[in-house]
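Read from first to last, the chains carry the letters A, B, C and D; within each, the first residue is number 1.
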Amino acid sequence: MDFALSNEQRSWQMTARKFAEEEIKPISLALDEAPDAHGTFDWDIVEKGSKLGLRTLAVPKEFGGEGTDYVTQAIVMAELARGDSAISKTFSQNWKWSHLIAQACNAEQKERFLRPFVADHRFLLGKGITEPSAGSDNRMPPKDDPKAGLKLRAERRGDEWILNGEKCFIANAPVGKLFFIDARTDPNAPLRQGTTMFLVPYDTPGFRIGKVFNKSGWRFYRNGEMIFENARVPHANVVGHVNNSDMKTEAAGDRTGGDIFGDLELAANALGVCDDACEAAMKYARTAKQGGRPLFDQQAVQLKINRMNMLTEALRSLVMRIAWEHDRKIHSANAGLAMNFSTDVIQEVTELNLEIHGGAEGMAGRHAEKLTRDAFIWSHLAGDSVQRLKVAGRLARMAAH
Amino acid sequence: MDFALSNEQRSWQMTARKFAEEEIKPISLALDEAPDAHGTFDWDIVEKGSKLGLRTLAVPKEFGGEGTDYVTQAIVMAELARGDSAISKTFSQNWKWSHLIAQACNAEQKERFLRPFVADHRFLLGKGITEPSAGSDNRMPPKDDPKAGLKLRAERRGDEWILNGEKCFIANAPVGKLFFIDARTDPNAPLRQGTTMFLVPYDTPGFRIGKVFNKSGWRFYRNGEMIFENARVPHANVVGHVNNSDMKTEAAGDRTGGDIFGDLELAANALGVCDDACEAAMKYARTAKQGGRPLFDQQAVQLKINRMNMLTEALRSLVMRIAWEHDRKIHSANAGLAMNFSTDVIQEVTELNLEIHGGAEGMAGRHAEKLTRDAFIWSHLAGDSVQRLKVAGRLARMAAH
Amino acid sequence: MYSLSLSPEQHEFRDTVRAFVDGEVNPVALNAARLDLGDRNPPLEVLRSASRVGLRSLALPEELGGAGADALTCCIVTEELAAGDAGVAAVLGETAALARALFAAMSPQQRERFLPAFLEDDDCHLALADREPGADKALGIDYHRPVPQARALDATAVRSRDEWIVNGAWERVGNAGLARLFAVLARTDDGPALFLVPQGAPGLTVTEDPEPRWYHGSRGTVTLKDSRIPLDNRLPAGAATRGGEVPWPLAVNLGIGRAAYEAAVDYAKLRVQGGRPIVEHQAIGTKLADAAIRLEAARALIWRAAFAADRPDAVADASLPDLPHAAMAQAFAAEAIYRAVKDSAECFGAMGVMRDMPLQKYVNDARICLYGEGGTADLKLRIAEAVASYRRTPSMLAAE
Amino acid sequence: MYSLSLSPEQHEFRDTVRAFVDGEVNPVALNAARLDLGDRNPPLEVLRSASRVGLRSLALPEELGGAGADALTCCIVTEELAAGDAGVAAVLGETAALARALFAAMSPQQRERFLPAFLEDDDCHLALADREPGADKALGIDYHRPVPQARALDATAVRSRDEWIVNGAWERVGNAGLARLFAVLARTDDGPALFLVPQGAPGLTVTEDPEPRWYHGSRGTVTLKDSRIPLDNRLPAGAATRGGEVPWPLAVNLGIGRAAYEAAVDYAKLRVQGGRPIVEHQAIGTKLADAAIRLEAARALIWRAAFAADRPDAVADASLPDLPHAAMAQAFAAEAIYRAVKDSAECFGAMGVMRDMPLQKYVNDARICLYGEGGTADLKLRIAEAVASYRRTPSMLAAE
């Protein structure tokens, strides 16, 4: 049992902390408050972070990336999120799909896509799954409705596939250069047997970005529609096998990469936001006064600060444990539980922080308010019923063994 | 970062698990349901556990104990509590005061008390602080009322101290052979400057046990009044210095022993109860039927099981982390936070388990009901406002540095 | 016209019962032996005194000799009683509600045979046996779907000359251990019917439910083995069984909560720690404020459910939404009150868990309200069906 | 007599306002641009229409030309308006409540000067400026202790011949950006007094509060610099300032909650996932049931607070407990509704956070109700003082 970080892990932590404090935090609030969805993004911060290795943190060293372990990734996500949750997610989103490339792409694809990704500081990755009428059906395909789930069609024509349809609510869509796209290649088969994954560069003919969404929180993190009108994708861009998109099936082997990373990612990001909130709350409680004495002198405030820290430390312990489990390739339901837990924790902690800041004006109050909006994003990504039911199913399967 | 247990830790875990399953669990429910407070105790289980080393787990090896680290102690407490929370506490209560002996007693006292303690399988330890009108005042002495706190008087007469007064709600009182007793030796000084700690054997003249309390939960764990009527304690039994009882002041050095252990103890014990509840809930949900199908098929049940496991794994992660921090002598507020958290978790988890068992008859239902009664004990030991405010104060002091 | 003012009669009932509880219930209920989990039998002497004050026949119409209290008044009275002793309140609540339902449903001849004895005998409690073992009333897996098939009654009443021969078993029968008159539900050739079975009838057996008790008052399993019942003991068809759905069990819960809360407020004003009464500490004050809010919200919903039972026209004219008010009140109150009681007990420190002191009993009593009868999960599914405008057809309801 | 039935007038008000919201508010409120956090200014055209329906003068006594609605009716109307647009509801609620208080307090001469303009001008809103910067109304550290010392008003009104010269600054003034008539609180030689200041008075400046907006409708800081006000503009002493404490802000909160909940129910019936509408899944059904319960409990407490304001005798005769009903309703409702709204938004998945769709606005609006004005912590301390029977003396209250 050893909770200490290695020197390398600590070094990455310090790099990320410095970057968050000196570069991210100063611009976070202004970007968040931009009047429209386009003003919320900033390529400079992406480039600066990329130069520190934060964009390519999860790319294997042989391809020029940083090749860090999951513990490092968890720590860095949390540190970046302490500066701005959405900026942290914009970086880690690339790690998520770097893991997928490393795991699921063939050697030729890796050469063709990882190299340029590593070389270009503005190269961002994305993946399109959700469609207007297929959200949770993609995550938990109903047994009694084989046609449920995504509808985007891909039909083979010679060496190309022709894609038609729409994706919706796709992260990084408006800024990404390369996307994984799940498309239905056998419309008569159930989702998991009739779907193929394609690599689709942003400049693919027939492919364009539709509406760009304006969100109430995580505003830096771009999100948009994808429209495919006879988009032509070479057969060489098929990931894995035709009609076998799902990298989450047991056959895919390593369950801790790719999408399972997403569970850790949301939990670690939430941890950083909670650290930010705890720090802000303590600072405000010790400096702001009421009735001539620091807010902190009041029991009601102390109880809130206790609860914020209590939940945050519980989350930290769980996040670090699952990161370690990922590195050890230990299979458990813990990553999913951590993701669910992070929803409850980030929301309660940011809400308590806002309550402590009740009536605070200026930066402190605006910052507290922003955190609650960012935290609300977890409701549909990490803590909704479907995400909780999925994890319960995993627990039951483990209990049955 | 490494969450794996050492071979020795794993070995203790297995010993405790086997003992809990084979010896504790079979008697737990019947003892809990004994009609009066005296029928709830069982010396056999104490002896059996003692022979395995579970009573002397925290005694240094040079005194014949097991000399385990805190991680081991946390694991063993949790495993025992999985069988019965109060039986686990009856064992670990001895570790708590073993730590205190090792840390605070002089060499002569260690010889005189640790040796017989180790030798006698029925030798239990206790400590008396609380009095009828002094509970939280002992834990958080009010600055503006120096006379607040315990009232039991000790006056020096030659080589003896004469003790007069009462202690109330003292664990192990009716079964212990040796007690640490805090007594006021300077009635005009504030609590921390006017109190002395004494070692008081059970057969001290003028000392007797009063009422034995009958509790709604943790029934195995005996609790009683102590009455001192001109009780005569030799001066050689003074622990540390006169008017300097409090081993928790910073001057006492190692902050992770003695009473701080109590925070870890309650958190680790709660973890075991949660494990028990999670297991019971999953088992019941997968076997009991409603409308012809297993309860687990219902989303409402799945969400409860998810939540139970989520909270339990968060607690486990935090408990293991603070045990490790204790071994490394790392100072933080985390042990207190873990203790507070364990209150919320054990109560919600056992209540969800009871809810899943709604209407269950026989053993399963009685067991689920018992766990909620045991869990309620945390309300006044680990999760009351005073315990939370204390930890908040520690957080603020850390933030000030 | 919207008004939360109580009528003079309601004020008087409340004051009378409060005085009765102070004078006759509390001295028994707050006795250390009675507080102990080991003894939960309703004290018979207290029940008799309550009967003499008219509480046993509280809801019986005035023209039949009762006090004719409506559902709201029953809730007010039950809360007061339960603040003293939940068991006493539960026995009286069940008898009072059943008296209204059963005597109103009886034929004049039946009334002549059974009513005088009921009115005269302070020990005459009533019980309704209508739940058969294995008759699962939970929606559960059938949420928002028709219940697969109707379940026939196992209990039978077969006519033999001038008698009915009744066979059957019923579980979770309130007042089982005390009742002098049972109404039992059994299948006949022409459909289900209720039969009046007096205590002592041949073939009648009553067994109290095992520990831990998930009920207040008295409850048990009732069996009839070849019991011969006079022909006239069959209640007329269409008899409403429960007293217009008087939500008195919710008021029991409320009384428990109030007792715990009031004890905590009193203690918090007395107990000095940190140099002043603990109620002057924000942490304790906020806890008590939360408890007060929860109890007031619970009372508001419970009284609303009672009013909805008394005045169905208020739903019809859209003064109240068309939702299952009693289920909503129960789901809310059970959780809110349990939390209020736990918080109240916490104010007492270690005294809150000692079995010779009241707080652990309140916690136990509130836990019974929350987790008895399968908890609140199924209530919420019923509410969800109403929210989703999913209406069960009469045959679906009958099948339950 | 306890009754939850609404009067025919209340039914009519509710139906009328509901139709008004459907026809005139929703088309504006549900517009993507208005849903966006970036635009929260109350739509003037809608306010004018509402005024023409009589909602601006709702609480003004009938003899003065208003609708004479009581506090409960105001809450019913405000809930309906807020279910359409919280900003519209807040502006009208404030004006209506102030109209009742101010015009009733005026001398006949003042009424003659100000009432016709108020009645005729659909844009005439009212504002009360009585909170000075730094005047901390929180109990906070002074819980259960006397407030250390009385704080004098900074604002002054000095008489100079036939005029008052008023100087002062007031913050968090509701309706500040819209009001045509202000009542401002200032110190005079003979104590504090209210002065009527029309929009456009010399030396009057209004500044809207900065983002993020912790209010609904309009709010800002008002300053007067050497403003000369006619002598007769001083309101008579003892004028009740707030409209009998009409708890309309609580009804704004309730309307927001209902809008979110109803949107979620509708969507859950339409959206198919897992092979059936999501409302048929237990997880969603239970979530909506919880939201329904919370909203009903909130409404029960809010209406109770309104009734307590309308009928203080109900507290005097112990039909209602002597507790701060409005504070309890606010503390409960703010938390309960915020949770209900968050749960409702969650049913929409990613759509619940998009700024051109309604759910994120409801979450934001409910958050304002929960965290604006310092949150619920201080309300709970006030409730705790009442629970502890700690009564602030009039001088202590005046000092706040």
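One rule holds for everything that comes next: a residue touches a chain if its C-beta (ideal position, glycine included) is under 8 Å from a C-beta of that chain, and two chains touch if they have at least 3 such contacts.
Fair warning: this is a prediction, and the values are worked out from it, not measured in the lab.
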Legend entry - Centroid-based (C-alpha) most distant chain relative to subunit A: C
Legend entry - Between B-C and B-D, the pair with more C-beta contacts: B-C
Legend entry - Inter-chain centre distance, subunit B versus subunit D - centres from mean C-alpha coordinates, in Å: 51
Inset, instruction - Please compute the C-alpha centroid of subunit B, do the same for subunit C, then give the distance between them in whole Å. - result: 40
Inset, instruction - Could you list which residues of subunit A touch at least two other chains? - result: 298-300, 303, 385, 388-389
Legend entry - Numbers and ranges of subunit D residues touching at least 2 other chains: 143, 281-283, 286, 377, 380-381
Legend entry - Footprint of subunit D on subunit C - complex, ascending: 1-7, 10-11, 72, 143-145, 265, 268-269, 279-280, 282, 285-286, 288-290, 292-293, 296-297, 300-301, 303-304, 307-308, 311, 313-314, 317-321, 323, 328, 331-332, 377, 380-381, 383-385, 387-389
Legend entry - Residue ranges of subunit B in contact with subunit A within the complex: 1-6, 9, 71, 282-283, 286, 296, 299, 302-303, 305-307, 309-311, 313-315, 317-318, 320-321, 323-325, 328, 333-334, 337-338, 340-341, 385, 388-389, 391-393, 395-396, 399-400
Legend entry - subunit B to subunit C touching residues, read off their complex: 33, 35, 37, 130, 133, 135-137, 140, 142, 144-145, 148, 168-169, 213-218, 223, 290-293, 295, 297-298, 300-301, 347, 351, 354-355, 358-359, 361, 365-366, 369, 372-373, 376-377, 379-380, 383-386, 388-389
Legend entry - Partner subunit D, residues of subunit B touching it in the complex: 298-300, 303
Legend entry - In the complex with subunit B, residue positions of subunit C that touch it: 36-38, 136, 138, 140-143, 148, 210-212, 214, 272-275, 281, 283-284, 287, 342, 345-346, 348-350, 352-356, 360, 363-364, 367, 371, 373-377, 380-381
